[in-house]
Amino acid sequence: MSQAKGLVVLAYSGGLDTSCILVWLKEQGYDVIAYLANIGQEEDFEKARMKALSLGAKKVYIEDLRREFVEEFIWPAVQAGALYEDRYLLGTSLARPCIAQKQMEIALREEAQFVSHGATGKGNDQIRFELTYYALSPQIQIIAPWRMPEFYTRFRGRSDLMEYAKDHGIPVPVTPSNPWSMDENLMHISYEGGILENPKNHPPSAIYKKTRDPATAPDCPDTLEIEFKKGVPVKVTNKKDGAVYHTSLELFIYLNEIAGKHGVGRIDIVENRFIGMKSRGIYETPAGTLLHRAHLDLEAFTADREVRNIKRGLATRFAELVYNGFWFSPEGEFIRHCIDHSQDLVEGKVQLSVLKGNVYILGRESRQSLYNEELVSMDVQGSYEPTDATGFININSLRLKEYHRLPSKVRLAQN
Amino acid sequence: MSQAKGLVVLAYSGGLDTSCILVWLKEQGYDVIAYLANIGQEEDFEKARMKALSLGAKKVYIEDLRREFVEEFIWPAVQAGALYEDRYLLGTSLARPCIAQKQMEIALREEAQFVSHGATGKGNDQIRFELTYYALSPQIQIIAPWRMPEFYTRFRGRSDLMEYAKDHGIPVPVTPSNPWSMDENLMHISYEGGILENPKNHPPSAIYKKTRDPATAPDCPDTLEIEFKKGVPVKVTNKKDGAVYHTSLELFIYLNEIAGKHGVGRIDIVENRFIGMKSRGIYETPAGTLLHRAHLDLEAFTADREVRNIKRGLATRFAELVYNGFWFSPEGEFIRHCIDHSQDLVEGKVQLSVLKGNVYILGRESRQSLYNEELVSMDVQGSYEPTDATGFININSLRLKEYHRLPSKVRLAQN
Amino acid sequence: MSQAKGLVVLAYSGGLDTSCILVWLKEQGYDVIAYLANIGQEEDFEKARMKALSLGAKKVYIEDLRREFVEEFIWPAVQAGALYEDRYLLGTSLARPCIAQKQMEIALREEAQFVSHGATGKGNDQIRFELTYYALSPQIQIIAPWRMPEFYTRFRGRSDLMEYAKDHGIPVPVTPSNPWSMDENLMHISYEGGILENPKNHPPSAIYKKTRDPATAPDCPDTLEIEFKKGVPVKVTNKKDGAVYHTSLELFIYLNEIAGKHGVGRIDIVENRFIGMKSRGIYETPAGTLLHRAHLDLEAFTADREVRNIKRGLATRFAELVYNGFWFSPEGEFIRHCIDHSQDLVEGKVQLSVLKGNVYILGRESRQSLYNEELVSMDVQGSYEPTDATGFININSLRLKEYHRLPSKVRLAQN
Amino acid sequence: MSQAKGLVVLAYSGGLDTSCILVWLKEQGYDVIAYLANIGQEEDFEKARMKALSLGAKKVYIEDLRREFVEEFIWPAVQAGALYEDRYLLGTSLARPCIAQKQMEIALREEAQFVSHGATGKGNDQIRFELTYYALSPQIQIIAPWRMPEFYTRFRGRSDLMEYAKDHGIPVPVTPSNPWSMDENLMHISYEGGILENPKNHPPSAIYKKTRDPATAPDCPDTLEIEFKKGVPVKVTNKKDGAVYHTSLELFIYLNEIAGKHGVGRIDIVENRFIGMKSRGIYETPAGTLLHRAHLDLEAFTADREVRNIKRGLATRFAELVYNGFWFSPEGEFIRHCIDHSQDLVEGKVQLSVLKGNVYILGRESRQSLYNEELVSMDVQGSYEPTDATGFININSLRLKEYHRLPSKVRLAQN
């Protein structure tokens, strides 16, 4: 029988927090549907399903969103060459709208009045989830326990959750928790909080899960050829062993494997959250880092200078809006459309080697490139008239000469 | 006795090209003063002086511009975090106005009517030299032999130069020339042309002079602490051996040594020249790469998000104008002033390790940072009210909800 | 004797709303200091003082901020050429931080724990006031009655306020209220709400207070000469009657008079509030409009093209941040500094005529201008070589020719 | 019989300059086809045809490009809301690629090896013509007499041309030439040169041809309703007399008539030419000015704030590239595509009155607008929670409070 307060679709992770939230929501009088997205994290999904059901979930949805995540969220970010604040490849930011979109689909299908999530009240994820909810279904109601005083004053720390878990038959983790929190998906793992909050503390070398330590990574590189069409990878070939991957998900997983093996994609940064505070994060983004470099190389090779300049301005905005949770927004749609259009000619092959934490571009080729070997050659005059450059320089100097003429301008001659 | 056509100050490198130009200029009826700037390239300056005199230079100036190059050109680029087209740290671009400025000083002092250089007619350097000349002294006249038909039709290749050299008593290099050209200064070495012109060709592993091969670089990292004030490094400490460097030039040279030892700073890119053609270049920028990373980390740590956003837009323009030769220009002055102002609070220390071609940020600290450990802490509620985030999200969703209302908007519910 | 809840400094306007708030605050147990800023609005300040005291204000501050408003807030906006969303000259946005800054000074002097204002919960002004409070004194506590359910559910409309006023001895306006609301200061008057909320409704012609109807404005223009230094007006001369004004406040008032007489500065726009909703406003900004035009003309005349380009990007951000309430912010300080620096050479005189709602630029002169009559002259060849333009065009066409070469490019010839 | 040097398609205006050029080209040994574009200028085209033939043109093309000019060049500029340097509506800039495109079509059809034009060597038009030629047909050869020493040293001024004309049977104008030059098309007339070169000189009141003097324009306004779809006008209704116009060319001509009658669209500016010199121009753009205002109003009314922000950045680039002659370029194509996409929802009606040099927006309506009267209403609480604004402000103040915390920050309290 349905409970009085209505039906909630909860973004469930299988962990302690959302398990407690599930039980707490029922305690508050809601029916709860648990929804667990598979976006490539390491997880025993069946165990999580059983756990949710045992905690009283009315139904459990486990959705494999990996291909969708790669093709609809990661690929546009690769096309954009998106970097938040010059460094962060947006691994978590891209996953949130993907997860929340499916959650809204379920909520609509199940005619739920509520959705809920376990994101905290200081972070970006709450915003990314909820802006997606509202954008896709403005009438939805959101239950965000970590922002509700009745919840967060009751659960002031992990020990409160542990105790509540014990009291309510929620299985508790047997291993002690790491002194930091972590979030994983196909694109990256982020580590933050706890001992990492002191920005001076060096990250423990054992923290990393997705990449090997570059210091102990193989001494011998892998050499890959990545083929792009319209700014996204369509084929990966390992020149060493001849392995070939064609489909989006497969090739992305393979690139994660290779890049991870060689320790590619670790960063330790302080970034600015949307709410205006600075936070420190450690990220591992193996395939994402590799693809960012390869795409950048091919784009610079094929695209017109001015088109790329304009597109770069758009990409900066894109990264910012994705970080801030505006994937589903008028500007998000608009920018993705423009960036996609800028990629029409970004096709060709990039060869690169992967070694000791690094990606080295070795060469590139494309039938669409604006690179003209003959034009640039030091040995070929061709149709290029060097005297034209004289005119070009003289005209460009006009403005500078005029500026020098100003009475207020200090002249070198007067030094 | 002075010759009929007047006096030329020639930017002289000591190499085959500018030696031939020196002799050719005299042949054309000019008096020639040879000017050789020491901006950190490997060179036997005294030998070059003797050579210039023996070729008929009326006078030779050899100017050590290394400290000036670091403090007045490289430091502003570090403050800016300047990258041309997302990758190039502007090693050559920064050197040109430094060299040309001194050349103009000499021309004015010597009352020369002409300056000359050996840059080719398809490249960026001719523009960087000449815009600097014109900006600092608009009435100067420029002799650019590689753009003069009487010169470039006479010297169609290296063999013509070699022959001319032999005929005119110009010492010719005994070693065969590399199948590429190269330009070196304190900040970087660039390689381009010849076999590198085919963008698909992998660069020969033996090409690099300033950095060791990351594959064979030491297995053991160096750990450095770099202290910044106003966005420029003021102290470098090697945490391993305790070495400390304070002055600009010394610490820059030391960072080149350490970063070079570990193979940091190699890139292989296709870029867009100012004249509109794409060209492929291989660059080594050891200290520059290391400082770029360290500065970026500290800036993100200390600077306000919005100030940094605005500054980043300025830095993109800065990189472009430096690349294009507009260091001395109204907009160059303006942007440097603004960027400098943005660095007032960028002070503190960054710790990093250097290993196998990579720079890993380990931690950072500053008394000026806007990072607030207490505010960001997951365990401290502090003055932060989680309920505020609800209002923040709801207000941010207003626009999205309105957009969803539009008749033209496809709704998820209707799928 | 001081009341239990503490001391509030209330931004008091003398009108019905803030009079009710004053009484209501006392009712809630606060001591209230009424603060009324004179920023050029039409007001009987002494009457307002008496009224506030009679309503129980512990003290009344009436501060003449007009000169400060002009010099510290309007002048930077003139330098910036700031337009929000291409049209709005920020008349209200600029006044808010000016008013709130003085309010904070009083609060600190009086050791008040609270500040309060009468701005509504859907508008921009609440944000502008409060961000200023927090920026200048983060520990201040804010009472915003129109966002407090106990207040806004009690006062659901004007009639509730009227009734409360009658019940509490608050003098009520004898004239019926306009069916719109209005905000006035030295720079502008804004009209919004009520019948104006329907964006299709034409504004009543009788609405305007600061400008005459252009249709019935004088048939004879006034001709002014405005002299600028560093981008701000320092002297205004009426060429018709010889009137001259030198000081900031005086000349601004005079320009309001002249521009108002000729019906200059009316706009009717829909704009986007910071909170994300669109609203319709009617604005009158006589002197502001005139100065915007004059400054733009002189800036274009004197400033270097590229400096002005960069500055324009900054000005767009400036307008946005001022509109959104971030006058006192790191980015506000930074941008004002940069814009101020861009104005070093913006000096000279502009002549213009004012007629029937328009400002016509007639001519301009400056000893700092980069305009070079000789260079531009069609009849003077001067130092300009037309053949240089050939080289300039040819080099600029390189990129276009390369683009045409692409296999994917549709060629005109194949049509 | 064909002449030795080949065939030239000359952009012929019918005036003295291009008539002399036509004869001079034949004198140099070329066959000449005269091409005269009708882009809305006042001209006796048949007389011009006869004249060209009588001067020896092998063939004459007179092409009516007016509709093409409006739909393919003016409309994209209206969508963009393009203003060069904040004021110039690009009347000449838009016409040039339109004219040159047709010229290339003729050159290809006629298998001409050359094209020629009469633009001078200091202006923008030479660049706009020639970049269009090269972009559309890179192999074309250009004859630009005003940049050829053999031409410009022979014709040093108007009197040389007059004399040449007399000597070669070229009809010379009977009326004395204005002391300025002028260029007219459907969109605007520009005046520059001669007495206008002194930027201090007021423009003579008799200079204007396309607009009446606002001072003597009708005292009674016209009230128009303009309907837009996808950002371009599709219907104009005169509310006074009920006149209605539907097709692009018709409605544009009608708007020119109405706006011209009321003196709308005069500006006097100093602008920066692409080659880097400042020049002064007087422009009349009646319909263009009116449409710019109307489109801006509707766009602000309908478009999302952030989409419009991004689009505005693109429009600034668009204006710059059009001014500089890059209509046909990779970036031109890209930006037009993006801007076009931004206009999908810009539909609805704008009502405005035209009076004494001004356009006053009166109201607007659209079924696609993001304006929500209920949401914005001061009297309706609706779904909006005022307390949300508290959270929004508090979160936005976080950054400001942190900044205030800095040791280097001067605090108000310490003043």
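Lettered A, B, C and D in written order, each chain numbered from 1.
Here, contacts are C-beta pairs under 8 Å (C-beta built on N, C-alpha and C of every residue); 3 or more make two chains touch, one makes a residue touch a chain.
Source: prediction; values computed, not measured.
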Of B-D and C-D, the pair with more C-beta contacts is C-D
When contact pairs are matched by residue number, over half of those of A-D recur among A-C, B-C or A-B in B-C
Between the Cα centroids of subunit C and subunit D the separation in whole angstrom comes to 31
Note: subunit D sits from subunit B at a C-alpha centroid distance in Å of 40
Touching at least 2 other chains, the residues of subunit C are 275-277, 304-306, 326, 329-330, 370, 372, 375, 384, 387, 389-390, 392, 395-396, 398-399, 402-403, 405
Per the touch rule above, subunit B residues touching subunit A in the complex are 81, 85-87, 101, 104-105, 108, 120-122, 126-127, 130-131, 134-138, 144, 146-147, 149, 152, 157, 181, 193-194, 197-203, 214-215, 219, 221, 266-272, 275-280, 296-297, 300-301, 305, 308, 312, 316, 325-326, 328-330, 351, 355-358, 360-365, 369-373, 375-379, 381, 384, 386-387, 389-390, 392-393, 396-397, 399-401, 403-405, 412-413, 415
Residue positions on subunit B within touch of subunit C in the complex are 275-277, 304, 306-307, 309-311, 313-314, 317, 321, 326, 329-331, 334-335, 337-338, 341-342, 395-396, 398-399, 402
Residue set of subunit B touching subunit D in the complex reads 304-306, 344-345, 367-368, 370, 372, 375, 384-385, 387-392, 394-396, 398-399, 402-403, 405-408
